[in-house]
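Think of it as A, B, C and D in the order they're written, each chain with its own count starting at 1.
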Amino acid sequence: MKNFVATFLLCFTICTLAYAQTQPYLNLETATKIADAAQEKAISENWNVVISILDQGGNLILLRRMDGTQIGSIEIAQLKAKTAFEFKRSTKIFEDMIKEGSVHLITMPITAVEGGLPIFKDDVIIGSIGISGVTSAQDGIIAETALRVAGFM
Amino acid sequence: MKNFVATFLLCFTICTLAYAQTQPYLNLETATKIADAAQEKAISENWNVVISILDQGGNLILLRRMDGTQIGSIEIAQLKAKTAFEFKRSTKIFEDMIKEGSVHLITMPITAVEGGLPIFKDDVIIGSIGISGVTSAQDGIIAETALRVAGFM
Amino acid sequence: MKNFVATFLLCFTICTLAYAQTQPYLNLETATKIADAAQEKAISENWNVVISILDQGGNLILLRRMDGTQIGSIEIAQLKAKTAFEFKRSTKIFEDMIKEGSVHLITMPITAVEGGLPIFKDDVIIGSIGISGVTSAQDGIIAETALRVAGFM
Amino acid sequence: MKNFVATFLLCFTICTLAYAQTQPYLNLETATKIADAAQEKAISENWNVVISILDQGGNLILLRRMDGTQIGSIEIAQLKAKTAFEFKRSTKIFEDMIKEGSVHLITMPITAVEGGLPIFKDDVIIGSIGISGVTSAQDGIIAETALRVAGFM
C-alpha cells in the first residue's frame, strides 16, 4: 500500500510537470550573479567592458557598462548576445568558420566575433551573454568565466 | 512510513524547484489550433486577413496570409501582435486611450489599432495574436474568436 | 458562315488578350501543401526548422517555426526566400560562387546560404521557399523535397 | 620678484583654465546606487519595472529588467531616458504640454510619457533615468525616489 501511494505520488508529480508544458527561464537574480562574475573577472584583469545579458526570449534583462569602456561596445555586446541566443552557439564558432573560408556566412545577419555565449539549463536555452570592450579573445574569456562561476558551464 | 514521507518530500521538492524555475510556453501545435480557429471564423464571414502569432518570447511562430489580403497587413498583423505581447494587453486599449484624449501615447513605439491580443496561460503571458486585413473591429472579432475557440479566453 | 468566322476571330482575340494579361500566382492552399511537405520531411528526419514561403510578389504568405528551432532562423528563412525570389535562383548558387572566389558578391543585398529556392510554374516565378534551422545542406534537402512533393520540381 | 609673481599668475591661470575644461560625469558606481534606490522603491511597492540609466553623453550605462516586467518596457525605459537627457527636462513636461493642446509636439522625436528624468550635478547634466513597467505616474514616482535617495534632487 505504501509503495502504491509513493508510486502514485511520483507519477502524479511527473504528469503534472509534463502537462504544465513549462520550460526553464532566466530571472534577474541569476542574471545579476552572472554579471557580477563577469565584472569581477574584468576588474581582476583591469579590463573595461560592457556586460549584456538576454533572457529565454532573447530580450535584454541586464546591461552594465564599466567606466572607460568604448561607447561602441554598448551595441556590440548586445549584438554578440543576440547572435549567441539566436543560433544557440558561441559567436566564436561563426568567427572561426568565416576565417577558415566559409566567407559566404558574412551575408547572414550575424555578429561573428568572439564574446557571445548561449546560456543553457537542462539542454534548453534560457538566454545568452555578450561581452565587448577589450580584445575579442579577452571578451570571450570574461564570458566563459562568468558562466563557469555562475554554474552554467 | 519513512519511505512514504521521503517520496512525498522528493515529489514536493521536484514540484517546487520545477515550478520556481520554469514557466509555460506556446508550441507550434497550439499556435496552429489558434490560427485554424481564426481562419475558420474569417472564412465564415468572407473576410481576408493575415494571421500572425508570437510565442512567449515575442518571436514569430506562425503567419498565414489568406488569398486577396492587402499586402500591408503582413506587417500590421505582426505589429499588432508585437504591441499586444510587449504590453500584455489588447491593442484596442491603446486605441481607446488615444481616442479619448491621451494623445501623448502616440509618441510611444506602439501600434494602437484593434486586432492584437495577448495570450495568457495560468496568468503568465505565453504569446500573442495579431489580425489585420478587414476593419480593425472585424480584425478584433477574429482575434477574440480564435482565442475563445482555442480555450484561451 | 462569314458571321461565324468573324465571331470566332473575335473570341480568339479576346481570349488571347485576356491570357496575355494574366499570370500564374501562388495561393495559400498551395503554399500550405508545400509547407506540409516540408514539415513532413523535417519531422521524418527529426530536424527542427522554420519554413517560409513568399508569393509571386515576393511577399510573405506563410511562415511556420517548428518547436525548438533556433530563433535566428525566423529571419534567415525569410532572407533565403527573399534572395531566391529576387534573383530567381537557388541561394546555393550564390554560396558556391562566393566560396569559389567571387567574394565581391558579399557586397550585394543577398543571403548566400543554401536553403532558398524559387518556385516556378510554366516558366514564370510564382514565389519562393526558404528553410533554416539545421545545417544549410539539410535546409536545402527540405526545400527541394517540399517542391518535388508539391509538384514544382 | 616680478618674474616670480608673473610666473605664479600664469601657472594659476593655466590650472584654472584646465580645471574649467572638465565637467562632472556619471560613473557605473553612482549609476548602480541610483538603480538600487529605484529597485528598492519598486520592490517596496510590489511594482515590476525596467530601470534604464544614461551617462553624460546620453549613452546607456545600466539597464535592469525586474522579473515579470512587460517586454515593451525595455525600449520605453530607454526612450524616456533619451528624451529626458536630450531635452534636459522631465518627460512629464512634454506629456502635459501635449495633453493641454500642444499636439504638434508629437512630430518631434520624443517620448512624451512620465517616467524619464534628467540627472544634474552642479547645474550640469550628467545623465538621465528612465523607468517603465507600471502606470506612467508610478514610473515617475520610482524615478523621482531614486534620484532623491541618491542625492540628486
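Just so it is clear, a residue touches a chain if its C-beta (ideal position, glycine included) is under 8 Å from a C-beta of that chain, and two chains touch if they have at least 3 such contacts.
Here the structure is a predicted model, which means the values were calculated and not measured.
Asks: Given that subunit B and subunit C are copies of one sequence and touch, is their interface built from the same residue numbers on both sides (over half shared) or different ones?
Replies: same
Asks: Could you work out how far subunit A has to rotate to sit on subunit D, using CA atoms and steps of 5 degrees?
Replies: An angle of 175 degrees brings one copy onto the other.
Asks: How many Å are there between the centre of subunit B and the centre of subunit C, using C-alpha atoms for each centre?
Replies: Subunit B and subunit C have C-alpha centres separated by 29 Å.
Asks: Measure off the straight-line distance from the CA centroid of subunit A to the CA centroid of subunit C, and report it in whole Å.
Replies: The answer is 35 Å.
Asks: Distance-wise, how many Å sit between the C-alpha centres of subunit C and subunit D, to the nearest whole number?
Replies: 50
Asks: Got the subunit A residues that touch at least 2 other chains?
Replies: Within subunit A, the residues that touch at least two other chains are 55, 57-59.
Asks: For this entry, which pairs of chains touch?
Replies: Taking the chains two at a time, the touching pairs are A-B, A-C, A-D, B-C, B-D.
Asks: Mind pulling up the subunit D residues that touch subunit B in the complex?
Replies: So the residues of subunit D in touch with subunit B come to 70-73, 75-76, 79, 94-95, 98-99, 103, 106, 110-113.
Asks: Of all residues in subunit B, which touch subunit D in the complex?
Replies: Counting only subunit B, the residues touching subunit D are 58, 83, 85-88, 101-110.
Asks: Enumerate the contact residues on subunit C facing subunit B in the complex.
Replies: Going by the criterion above, the answer is residues 27-29, 55, 57, 59-67, 71, 74.
Asks: Would you tell me which residues of subunit B are touching subunit A in their complex?
Replies: It comes out as residues 1, 3-4, 7-8, 10-11, 14-15, 18-19, 21-25, 27, 55-59.
Asks: Which residues of subunit A touch subunit B once you look at their complex with the stated criterion?
Replies: Checking each residue of subunit A against subunit B gives 2-3, 5-6, 9-10, 12-13, 16-17, 20-25, 55-59, 121.
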